[in-house]
Amino acid sequence: MSRAHMISVRNLDIVGHRPDGGTVPIVRDVSLEVREGQMLALIGESGSGKTTIALSLLGHVRPGCAISGGQITVAGHDVTSMTRHELRGFRGRTISYVAQNAGTAFNPALSIAQQVIEPARVHWAMTRQQAERKMIELFRALALPEPETIGARYPYQLSGGQLQRLMAAMALITDPEIVVFDEPTTALDVTTQIEVLAAFRAVLADRGITGVYVTHDLAIVAQIADHAVVLRHGQVRESGTVARILGNPQDEYTRELVAACRIPPRATPCAPMASAREDRVLDLSDVIVGYGNRTAEGLPERRILDHVSLSVPRGSTLGIIGESGCGKSTLARTISGLQPWAAGQVVFRGEALAPAVADRTREQRRRLQIVAQNADLVLNPAWRIGATIERVLTFFHGMKGAEARAEAMRLLDMVRLPHALLERYPAELSGGQKQRVNFARALAARPDLVLCDEITAALDPVVAAAILELMAELQETLGISYIFITHDLHAVRAVCDQVAVLYAGHVVEQCDSQSLTAGAHHPYTRLLVSSVPEMRAGWLADAMALRHAEGAPAAQRRADGGCQFFSRCDMRMPGQCDRGPVPVHTLPDGARIACYRSCADLAFPGGVAPAAPLHSYES
Amino acid sequence: MSGMTTGFRALRLPSLTPAQRVMGLFGFWLVLAVCGPFFAPYAPGQIIDTEVFAPLSHRHWLGTDYLGRDLGSRLLYAVRYTVLICTLSTAFSCGCGILLGIATTATPAWMEQVAGRLMDGILSIPSLLCALLVIAAFGDSLLALVLTLGVIYTPGAYRTSRALALRIARMDYITVAVARGEGALFIIWREILPNMRGPLLADVGLRFIYAVLLLSNLSFLGLGVQPPLVDLGSLVRENVLGLVYGSGAVILPTIVIGVLTVGINLVLDGTSRR
Amino acid sequence: MRGGRAPYGKAGALGRRQALRLAGAGLFAATLPARAVRAAGAQDPQPRRGGHLNFAGLAASTADTLDPARFALATDYIRGHMFYDGLVMLDAEMMPHPALAERLESDDLQTWHITLRRGVTFHDGAALTAADVVYSLARHKDPAVGSQQRVIAQEMADIQAVGPLDVRVTLRGPNADFPSMLGIVSFSIVRNGTTDFSQANGTGPYTCTEFTPGVRTSGQRNPDYWRSPAPWLDSVDMIGISDDMSRHNALLSHDVDIIASVNPRLVRLLRTRGFGIMESPVGTYTDLAIRLDEGPGRSQDFVTGMKYLFNREQVRDSVFLGFARMGNDQPIPPEHRYFAADLPQRPFDPDRARFYLRRSGMMETGVPLVCSPAALASVDIAVVLQYAAQQVGLSLPIRRMPADGYWTEYWMKTPMGFGNTNPRPSLDMTFALNFASGAPWNESRWRDPRFDQLLLAARAQRDEAVRRQIYHDMQVMIHEGAGICLPAFTTSLDAFNPRVRGLAPSQAGQLMGFDFLSHVWLDDAAGGAA
Amino acid sequence: MNARLARLVLRRIGAALCSLLFVVVAIFALTAALPGDVADMLLGQNATPDATQALRHALHLDQPLWLRFMHWCGGMLHGNAGNSLLTGRPVSEMLAPRLYNSLLLAGATTLVAVPLALVLGLACATWRDSVFDRVMTVLTLGIVSVPAFLIATVSVFVFAVQFRVVPALSDIRSIHSVGQFFLTFAMPVATLASITMAQMIRMIRACMIDVFSAPYMEMAVIKGVPPVRIMLHHALPNAIGPVANAIALSLSSLLGGVVVIETIFNYPGLAQLMVDSVMSRDVPIIQACTLLFCMTYLFLTTLADIVALASVPKGRGA
């Protein structure tokens, strides 16, 4: 066996045991090879067996599963024939693992340092002092803040991006020959993801480590891997170099995947910002939502949304983007009346809405529907699909029996689902089907405005793309308006007319969705846009080159006024940006940006002199 | 040979869902409770032999008890009363507990506090002493027994159902229903309750078993069904002296209690394991 | 839960003539009562002094007390005999004998002169005086004391010390049975002015070394006891074990030497293991009282029918496993000297019962049968009765009530309920308190003016033969007329390790009329119980 | 200790006081509903209405209910639990030796049951669904389902009567050496421990299975951590909270829930005292006992909550 093949898997079969004694194949006849120092990407959707294969490289199968055939050779060891004892010495020493969700993979009861140096300690690789020195060195290499002291912290005190990097440090502490990454950035915001990816790449390249990278995101594959294997239903669909697979996919499924990552921007021109009130279906002005003690003005001290003003033109789509925790979901809950606001006004179709849903009229509730994020949680598992949809029809339109059934069928047609589904329970449906039912239920009310909260987040790219397509189609035929809340900029470009950028509860910018990549923008918008991975080799290096400041990643709410983005901003002007109200510029095309910098500065970042704003008023 | 195995396989019960299995076993005991006494050869109070603690014989299959009554007949009646009392009290405790548990997820915080303190209070009094007090105050009629056992096990049902309801109340489909403007009753009854069915069933079973056990131990304080009727625990208790003679009058009802509780528990364990 | 309430008192009626003679002569033999029957055929050698005895009674609770006025349970009575003495003590036939009183004299049976024994001291060293006796007797009349015997004590209209050792008691009316009445343990003599009963200061055979209610009573031999050489034991520990099985296990495992209230079902086991069983023919009975003033009892036919419904043999053999004597619906037990032996035993006769019940018209109405563990064996007797009733077509739903509160809440308050009665010290008291018209514990509310006349006549009667005839007639009247169904008199069973000697049965109550501790001694040579 | 923990403790104590108040009122009301009062019980079958009335007056039972309750509450606020109606002795004096006994029994049982239950529960969870686990499941269920009085009676009959290895009664006074201590407590502790343990094992098993299924446990395996270290280092710190809760729930019944054991072994503890007091309607003692049981329960559950909180860094605020 040549050392050149660091990993070699031949005809691997893994089965899962059913409770009734039968088995189901999870991985079928998979073969793959990785040369020393190279990175292999395992690409696939959920259920493709990619994590199972990755874990099997460490000789680990989850309870209820078993390797039923094939051979796994890793760094010269025949993994399938190793004893428990041998495996223990092998794992964490020769090959190590970076789990998908560091938040749960770190033991909450132990400090970071304890866990990071544990592999070194249990394998007797080095003394405690050596291990700690090594750890700090790795922390530094992974660009973690305060490398000397961060180890004393506990998992709950750290952000997702930091934990993911700490987990990489844990994997690297013993200088393993191979590291397996299992979707290490999936749970992260794009702005964090780019930093983590960059850190990984630097460290791996430095140490000549062989890697396996499990992901469903082709753009990441393009940045980090040399070879790729595309999996579906536990079988290999295609394998080859990354460049070939992304550039010239042979397999039909691979082609679909690649296509899904390149959602074309919407073909129709964006609806302009409507100036007339009648043209707008929804208007938010200076809405404040929060909790905690009341200030002197009777407003909550801790704010989730602060002076949010937005408008949705009739028949168009407003996208709302931002990092996790910026208040996106609260905004959706506020508009739908589930979270009353403390101040401000919401006008829907010319009528002022009551803050609480209970105080709204049935007609208002009918015309404003919400499609929530997680399709698994949004359909009552105890109800058949038919009952779910018909309940809305009965509730709002008084339809019953055959009439309701006929209407439900029509709605299923509308979202392209077979009628047979009416008799099924949600558990029997796939994720994409559930999201379509979710949509059909909202449409059953015949709404004017549909709030879509992260509806594609939990879906595989191919399925998500289809949902977006459906949304656009329904808008065209029914003329409904959407508020589309997402962190996915591709999706925004595909379906939105306007886009509002939310940061720490503030709208920092509202603009045309197609102009995101050009023209004058808020520094945060630019950071966000530039962080979205592109499916070309070298994007990561380019993007990192553009980032100037390594800001504090966690957005800290400032109560003392000033720009919330101040600490992370690469154009900040200390002494000016951190105090007083932020001026709002209105651009000629109707876009609005909240920044102290002039439009000219914003249009040319790194530009010379701050110019006077065109229109500015105190917000 | 293979024909036989196929035959057996054909005979095997169709694969049942855990809920069906629980209900099936439970149904068996209910049927036994309702119909059993009709097959009793003697009246529960009839003395049929001068020999007390008589062993098993052809005249009275399971022997006699401490008064010389037919043990088999008494056992059939005991199953009836244990199963019925425990079923009713479980229905009461779970009914109250679940209703309160779900309701307090929607009511103002102070109501939840009041309910919580109330439940804590009930929980903090040792159950046997609580039963002693209540029954001493209100007599040991069937109704009093059922209500006492019911009240004692309400806090447990309350805690379980509240935890479940809280989890479900956070689900998006509840959000959607609230946003649609559905009434509180509709949400509790149609949206929340059906989804608690599985875990609740396990909890209901557990409460049933606790009720059986407490009823058995109540007999130690001389409380139970009015004679000559009897529940399983009292049957053991009144014949406990037979122990020294190795009488079936102690052993058989104990075995029946064991089969009743362990059986239902095992099936419930099975549901939670799968 | 607690059974085993002790008798109200336990005195055989002192024959009037005898009392008169004794009183007149001023004679009152100061001898220990002779024990007629010896324990289970044991040929007793000379008693030996020394040793420690553990005894387990039926119950111990926080209601345990050292206050004679509050004695209610058998264990209280035993405790009373341990630490205190009465003026009078009763022998195995319930005949009174002098104890602390040396003489008890009366000319008119109404004013009694009591002369106390000289040289008796309390445990604290103080000498017994008339003041102690006056205090001990008079306090029962004070309602705040909560005496069990208040009703009886009120018979004593006036109690006065007329000398350092002389007391004069004036009764409300003449009563020849006054000496028997003083044999009630509750009338034990305590030191004048005692209000704190956390320790016992009596004149009894043992001094109290520990008393924890509900846990234990310990005593040490009183070296200055006036009845010397008794007691024989150096020390005694008394506990209560309410659980039947545990009490027997304690005996079987030699943790205790004597247990009271043996369950008939364990006699076989105890005997095969070599333990001794003492059967005391006490006159305690459990009866069904049918109120004649309300409910179905207003029909005499119903009452008669019910009396025929009792399968007395079955009650004796199945409920008491033979350790009982059949009752004949009147309160005097067969071994009593006034027992009306010629009164025919009422049989179990379902046909006659059906006839009378039909005639009463009560066949269709279900009358609840109220019973309780508080009334010994009443639940089992109720079961036997209910089945018999069912056979003749009468439905009697059993209502078992908790033991606590039974006497105050249910007893005598329901149309048909069980009671449990211990023999009074004299027949006169039994008839006067339980059967005379308007008597406080007339369970069936039976009123018969002729019975009341006979009661008075008996009191005034000096001729023994005539009085015997009067008491005979009164028994017949109760048998025929009262709403009392009395299926059996119980036999009290106690078990002991064979090393315990000196036990003998008594009519006065379990364990030698509760006074066994003055009599038993330990024979360490004996053994043999497995 | 930090502010967060202190706040939690204060909140728990506040809530506990509310529960206590509820229990006290409820028990007082319940005792008022009991048929008969201490005067009736004292006089028993010999009661006549005037005697009862007089005694009732002497014991102040003729005062209105609320007044008696206020008296009692006032006394409690000054730490005075009043006097027993039956014996006239201070409640505290009557309770103290019983409490000592009960704590002794509970303590001995805890020392036996908790470590054993931990080991067995852990073993069941580790070898989940193995033969051992199944046998333990049936065994624990079996023990729980047999009436406690039967277990106690059978064991006394076998070990004290048939084999004569231990005494049938547990008499604390007879303890003069360590050996006697073990002999005296062997039976009640073994019986009580087996019942308590059965519940604990089931709960601990469930807790541990929960912990074992956490992703960080898989991570530890993948890191090549030896099983013993996984158990002690990774599983245990996270299991402390839920296990403490399970143990607290089981232990809270050891003071008052042992009527059967106390009766059969003739062990003078609190539960027996309470039963006696209910029988004799000695309300101050019923109240005091209930208060003690309630406080024990609340103390243990609160303690478990604090342990749970302090066992995780987030709770400690570390």
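Just so it is clear, A, B, C and D label the chains in written order, and each chain counts residues from 1 on its own.
FYI, a contact is a pair of C-beta atoms (placed from the backbone, for glycine too) under 8 Å apart; a residue touches a chain by one contact, two chains touch by 3 or more.
Quick caveat: nothing in here was measured; it's all calculated off a predicted structure.
Q: Select the chain at the greatest separation from chain D, using centres from the mean of Cα atoms.
A: A
Q: More contacting C-beta pairs: A-B or B-D?
A: Greater number of contacting C-beta pairs: B-D.
Q: Can you check how far apart chain B and chain D are, centre to centre, with Cα atoms defining each centre and the answer in Å?
A: Chain centres of chain B and chain D, defined by C-alpha means, are spaced 23 Å apart.
Q: Would you kindly tell me how far, in whole Å, the mean C-alpha position of chain B lies from that of chain A?
A: Using C-alpha averages as centres, the distance is 49 Å.
Q: Could you give the separation in Å between the centres of chain A and chain D, each centre being the mean of its C-alpha atoms?
A: Those two chain centres are 51 Å apart.
Q: Roughly how far is chain C from chain D, centre to centre by C-alpha average, rounded to an integer in Å?
A: Here chain C and chain D have centroids separated by 40 Å.
Q: Which chain C residues touch at least two other chains?
A: 1, 245, 403-405
Q: What positions in chain A touch 2 or more of the other chains?
A: None at all.
Q: Spell out, as numbers or ranges, the residues of chain D touching 2 or more other chains.
A: Counting only residues that touch two or more other chains, chain D contributes 34-35, 149, 153, 157, 263, 278.
Q: What part of chain C is in contact with chain D in the complex they form?
A: Residues of chain C touching chain D: 1-2, 5, 8, 56, 61-63, 65, 70, 72, 143-144, 146-151, 198, 212-215, 239, 241-243, 245-246, 249-250, 252-256, 403-405, 407-409, 411, 419-420, 440-441.
Q: Could you list, by residue number, the parts of chain C that touch chain B in their complex?
A: 1, 244-245, 248, 263, 265-266, 268-269, 314, 317-319, 321, 373, 379-380, 382-384, 386-387, 390, 397-405
Q: What part of chain B is in contact with chain C in the complex they form?
A: Interface residues on chain B, with respect to chain C: 43, 45-47, 50, 52-53, 66-68, 135-136, 139-140, 221-223, 226-228, 240-245.
Q: Report the residues of chain D in contact with chain A in the complex, numbered from low to high.
A: On the chain D side, the touching residues are 214-216, 218-226, 229, 233-234, 237-238, 311-314, 318.
Q: Taking the touch rule as given, give the residues of chain A at its contact with chain B in the complex, in rising order.
A: Residue positions touching the partner: 19-20, 333, 336-338, 357-358, 360, 362, 365, 369-370, 372-374, 377-383, 392, 395-396, 441, 445.
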